[in-house]
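These notes open a run of structures that come right after.
Common to both upcoming complexes is chain A, partnered first by chain B, then by chain C.
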Partner chain A sequence: MPTTTTTAATTGSNILHRLTSADRDVKLKALRELKNQIIGNRTKKLSFLKLGAVPTVASILSDAVSTDAVVDNNNDNINKNIIVQSAAVLGSFACGFEAGVKAVLDAGAFPKLSRLLSYHDEKVVDAGARSLKMIYQSKLAPKYDFLLEKNMEFLLSLLNNENENVSGLGASIISHSCKTSVEQKLLSDAGVLRKLTSLLGGSLSQRDASLESLATIFKSNPEVVVKFVGNESERALSCIIDLVKDRFARTRLLASLCLIIVRNTSPCYLQDLAIKTKLINTLLELLGDPGQVGDEASFAFSSLIAQKEDMQKLAFEVNAIDKLYNHLKGGSLHPLRFEGILLALADMCSKLECCRSRFLSLQVLNLVIDALAHDSSDVRIAACICLRSVSRSIKNLSAGSFMNETVVIPLVRLLDDSSTSVQVSALGAISNIVVDFTTRRSLFIRCGGVKQLVQLSKSMDSTIRSNALWALRNLMFLAENKCKEGIFLELTASLLASLICDPEPIVQEQALALVRNLVDGCISSVEYMFAEDGIIFDAVGRQLRSASKAEIGIQGMYVLSNVATGKESHKEAVMNQLLPTENRTQPYLINFLQSNDSRLRTATVWAVVNLTCSSSPGASVRVVKLRDAGIVSQIKNMVNDPCLDVKLRVRTALGQLMTFEDSST
Partner chain B sequence: MPVRVVESSAPSQVSGANSGQTSPSICTLLSVGQAFSGTQNVSNLQKEEAWRVNVRIQGCDLEHGYLCGTMEALNVPMADTPVVTFWEGEIVDTKNYTFYTGKWEATPENDIKHWTKFPSFSPLLNQVEVDGGKSLDLSNYPYIFMRWKEQYFVNVGTDCGLTIAGFYYVCFSCSDGSINGFYYDPNSSPFQKLELKCTNEERSGFSFSSYELQ
Partner chain C sequence: MSLFWIVIRQLAEIEAMATSKKVITREEWEKKLNDVKIRKEDMNKLVMNFLVTEGYVEAAEKFRMESGTEPDIDLATITDRMAVKKAVQCGNVEDAIEKVNDLNPEILDTNPQLFFHLQQQRLIELIRNGKVEEALEFAQEELAPRGEENQTFLEELERTVALLAFEDVSNCPVGDLLDISQRLKTASEVNAAILTSQSHEKDPKLPSLLKMLIWAQNQLDEKAAYPRINNLSTAALEDPAV
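For the complex of A and B:
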């Protein structure tokens, strides 16, 4: 029998009842009681929220503010206390509780709380500022418009206020509302940076709020960072650097984040080895914090090292992989922390082989594989990203380290995941793992991988389609005949043809790259192009004629180039595709040879080289056709191509072309 | 390609070898998937001997001057099957690597002695003697110099009686895809020559496949 709940509900109703009492003392007492009950207690907040406490308190605040305005009675202490307590209750509801923030905003309390800031009474101002600060911690808080002059003045007055909650509110407003570079510059020009810098020397809460705001104003805005670091505030920067060693964990984290943003925005700053190492060590140490700071530390660590090989190397040297692993192997982590550590490991292994080797030698892989089946989709995604990073090791791909059932089965299972993001990240890892040099592709096929990939290549989502094709393309790389046949049967010529002509260029490119690998290897593979009346071949031709970007031309030309290494009939088919007799317009071959992209020029010259191999019987006729179409003279113009590869291929082509020119003259 | 063990020696480890997403090749003939075949002369004072060798490029990461692949030795006398090894290559791009090896028991004198065996190296010799070639711009040079170091046996155990302790000084011709190399291991016969040619694998022309890591 739910006795306690009933009692709680009764107590709740009782408090609510007393809140509406005409006796102000009773009301005030009820407000205090309510405040004490909900502080730090999410369950209580929710139950009072359901009972409708927020609109009631909001209306008490509103009435008390009106009474205060009408009755000029500065000595009405009870009314003042009611204002202070009702503001505190509303702030408590909003603290770390989104539903509470929504209820406070819906009850129209926000303007009333803002009004409290202009009171003379310190306590009232403090209570209003505290509550508004709580609201500004939430994304739901209304955006503050810095572009309005009076708003900027008001913000500066908040920052200049001696009350730490008021200046802290100013900083919170900036962290919440400053989004654009225009706003960042406006704040910087208005002298906000200087003010925030001075707050760094204030109380703990002022320091933290200031660090967060500074980071917001710096983010991706080199102009503002230069102004801060370059000119006036070298001292301020060293103050932030000092705060990385602060005794409070949150301050250390926020100071580190602020410096990371400075570095990431303007890479010329903070290049000192000691600072870089300090940041790495601080964040690795903060991973041990049991609370929110520990959860956030791994994400901060990722933003410090992501895409930066030098930082990854430094982190490797201070045993970051081992330290991250130690946190991981502790087990039963909060999903956010789990995700953060996996992503940090992914960033560590994204570029450096030494990191991947360490990762694999520590058996971290087993924990990552377990994470593929985690309840949280964010953790599953992070595990896939981690696997994707570590499987960039060609050395380990060559050794077949990933092509085994322990890795493949859970990954293939994720292709069925209800979350598209999980599917896309699983495809990312699979794309790497299927690059196989050990003839173990059959394992992937046996696990149902190819069937799934082919299914996903028909997805409505173009990212899924392109990633599924990417995986199939890599799987097809140097695949043995039997494997190719299996994939082709599953894909079918008609599906491949339609994917080559997909509306999305990225899908077209992957489909063409897949076909390029399909027709490479054993000479009989070329026949795949001509299955079902040559629909794939025609699709390639159509796509080349309308290629929207160089990458499509490159993959398409390598398809034709590979086909042109086949029998005479194959070479002739390529010729007809490149120079159709019925078409008198300038062949796209010329455009490709004149492309600014040297890779496209190279691919195109290779096709010409293959079509004019002196050993093939029909070469002389093809040379004549190429000459008539202006291709030979175009190639002659390329003997001094700025790209060495193109230049050398042109020489090979010309060598072959000249053989026939000589014999025809 | 492995050679006979003369004295017991453990394979040395390459440190900090890099890989990553496949980047576009400097030369299409040296791109992933390309195959080469030829011989390695393993003659010594007692006997003239050459082993047939196949090479396949498996990975390429130009940003880090890295190349890797497999090497298959076909008629190794003491092995029942062809012996396949996995090798990693350092491309002498003068940014990641210079002509000076600085490891694997190779002194600058050993380096110069081997590099000068390639005729295409002679125009570079003077500068290499000054700074290992650091100041040379080889991006448009039609030859690519590399060191290939075998890392592990792919299909046989380490107890197969063969060693991969040494490494190859390699010169690749961008024009025709031919590869020349010299095996260096202080414990093996000196200057064992590797000669490979680009193979078309029964095709009338050159075929290219590709993969891309995510």
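For the complex of A and C:
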């Protein structure tokens, strides 16, 4: 509509023109008009921003403040009004609008607004404090340095101020700028906790601001939490607990968040069943809030239950899965809310089978599958994480609940996503769903999944490489021969060998684990190791000799263990790899057996067990070689290994070794 | 709150006494009620709370002088709030918006739903006054961007613009938007938002107490026959039907 735009633009430049008028009444009227245009209206904020309104208003504020200082005329009402209105305009530009915050800061308005705090006129102070508060809600606000003594004094004076906007500003500064444990401790020592606690009894905005700051000061700092909960007073904590029942939704959310941070920082507090249930119920109920509170509630819920089986159990008992599902079911959710609910479901299903069963019986899966194709990448990521969490269910994996076209096709499609994070999380979900259902792997291959995974294993991004290998590794797990062959042909021996020697240890580990699954099972699969002149086998040997971390040794040793279950020639190849004749230095086998990592000791003893299996003809010769290399005596030293797993394998190995000892003497 | 608990305690006592439905005569009832002590100051505070929340500023001022009850809010702010409410009720929405912004610019900047409803009311008023051109322009320029941000707003906007499609708006499916009740609804939403920003409850306490009374009586009805209050405005005890 050309007419509309013209009118809007004309009104816009008209207001701007009048702002520069020499007539102060005209100027004041224009300021108010501008304020009423932009408040609550993002579109208008943007268009006035583009017209350059912010620097104009900032200079009006600056001039008015200087005039006030020079004239020192308390009766100059117009000037006071100009100050109030221009501060309000700047505050509104900064409210919930990052570009606006940037413009206000760039225009140098920040120090001018700060000066308003020392005025006697309450209206001026209010306007200044409100606008600064808006700026401090943004990440762009300048960091407040608590380490400077005069800054700390100023902060305390703000917190002690009777004016609720000023004390609220003090709290906002803390929420924005307090980041390190040193700052947390400094604030705590300066008596800020006590001050904030007293604000909990104040007005709505003071209460909310104080809850937010308290949470900031507590976060991951057990020392401060102990000081607050332990020494200061039980009363302060119970005051926050009461606020979880407050009339206002935002206050309930902030109080819950504050308690969650106390719990997560110092797990010894707030373990009472009543409080735990109260928090769960409050957050589930807040999901129903139509505004920002509802958007944030699911994230708070996640932080309450994540990694905590007891909390997930409790939440399950109050039907959390059903409640989360009901919000999803409504459809047309704001992306942030959608993402939050999916992540909350993911956390709910991360440990407990009962949650996963409920999830699947409610058909939540269909909604999650739809979310895989959502416009927002954050929602797509959350859907993948959710899928990964639910597909930890062995029962349902075996039943093939996830290996069907409705799940696999959209997931494989995400492997092509433009966002790396989406690709990585899709790989995470795929890694789980390809596990353990021999009959349906072909579907995944038919959908082009293997081609995609192989492609991604050549990615420039090491996280993608390792996750793609992880998925292939799981796909290879207990797979039938035909399936293995298909994957191997796609991968090729040379690619596998180069991935085993990848510069990144996490990639090396996954590549070795993949090979371990490849050669697991029947003898014919062991042959893969020796394709193309044994480049894979040589690569494994190279990595074992220079293993940079235990995990690589573990996977490598299992590869050799599996190869050692093969024919005589395979066993001999492993022997040559482990104890090369030309090398006189201590074999890495000894180092592995002496490792602190019991998993590595187990894997190594396994290899020895498979090499010395008495039924094979060359075993006695191998035992002699192993004895000469000091391996047998090392294993004898391990009969009382603290790890049961190791001990068991050591006994088996010794039992086999003894049969040869007996016959040779 | 105390009145509520007294009633509850009485309920509990009655429950303990009778397994079948018990009859309580007016005499016994009045005797019981006489034992209940209500502080005068509490009554006054409830009245003041009602006057303040409902915005009867002059009555509140007089009541303060006569009863010595201090309001929990600066009475001057009531005048401002009432002016906003009245402006919406009269259809001067633009004026109301300006007044709210003067009172506290944060209210509309942080409450998108209220802001949308005020803008929607502005649109309704334009349509009511037959300013079709202006209404269309306003809907496009001011309201359409809000609809893009929020699905619910979009639906409400569509419903409102539908008013333009009907010849006889009084008889169309969305005609209720032109009703005076729509103005009252918007007015009370603004009123509540201002009260919340002043950390004041948005509803007076007196109606809640009366609601609790009715609820308690309904509970009691299952256990006993007693002199009931049926007419809240006279609060007369009516003899139990035996």
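Rule of thumb we're sticking to: the second predicted complex is superposed on the first by the 663 of 665 C-alpha atoms of A that agree within 3 Å, B and C clash if a C-alpha of one lies under 4 Å from a C-alpha of the other, contacts with A are read in each partner's own complex, and residues count from 1 in each chain.
Just so it is clear, a residue touches a chain if its C-beta (ideal position, glycine included) is under 8 Å from a C-beta of that chain, and two chains touch if they have at least 3 such contacts.
Here the structure is a predicted model, which is why all the values come from computation and not from measurement.
Taken together through their common chain A, the two structures put chain B and chain C side by side without a clash. In the superposed model, A:S62 lies in contact with neither chain B nor chain C. Once the two complexes are laid over each other on the shared chain, residue contacts for A:Q455 go to neither chain B nor chain C.
Taking chain A as the reference, the larger set of touched residues comes from B, when chain B and chain C are compared.
Contacts of A:S398 after superposition on the shared chain: chain B is touched, whereas chain C is not.
Contact with neither chain B nor chain C is seen for A:S421 once the two complexes are overlaid on the shared chain. By the touch criterion stated above, A:S157 is placed in contact with neither chain B nor chain C. Once chain A of one complex is fitted onto chain A of the other, the partner contacts of A:R388 are limited to chain B, with no touch recorded for chain C. Across the superposed structures, the minimum distance from chain B to chain C, using CA atoms, reads 36 Å. In the superposition on chain A, the residues of chain A contacted by chain B and by chain C do not overlap at all. Within the complex formed with chain C, the residues of chain A that make contact are 1, 3-4, 7-8, 32, 35-36, 39-43, 88, 91-92, 95-96, 130, 134, 203-205, 247-248, 290-291, 332, 334. Here chain B touches chain A in the complex through residues 15-21, 24-28, 32-33, 56, 58-59, 61, 68, 70, 86, 88, 139-140, 142, 151-152, 154, 174-175, 200-214, going by the rule given at the top. The touching residues of chain A, when paired with chain B in their complex, are 351-354, 388, 391-395, 397-399, 428-429, 431-432, 435, 437-438, 470, 473-474, 476-478, 513, 516-517, 519-523, 558, 561-562, 564-567, 571, 599, 602, 606, 609-611, 613, 615-616, 644-645, 648-649, 651-652.
Taken in their complex, chain C has these residues touching chain A: 97-98, 101, 104-106, 108-113, 115, 137, 140-142, 145, 149-152, 196-199, 201.
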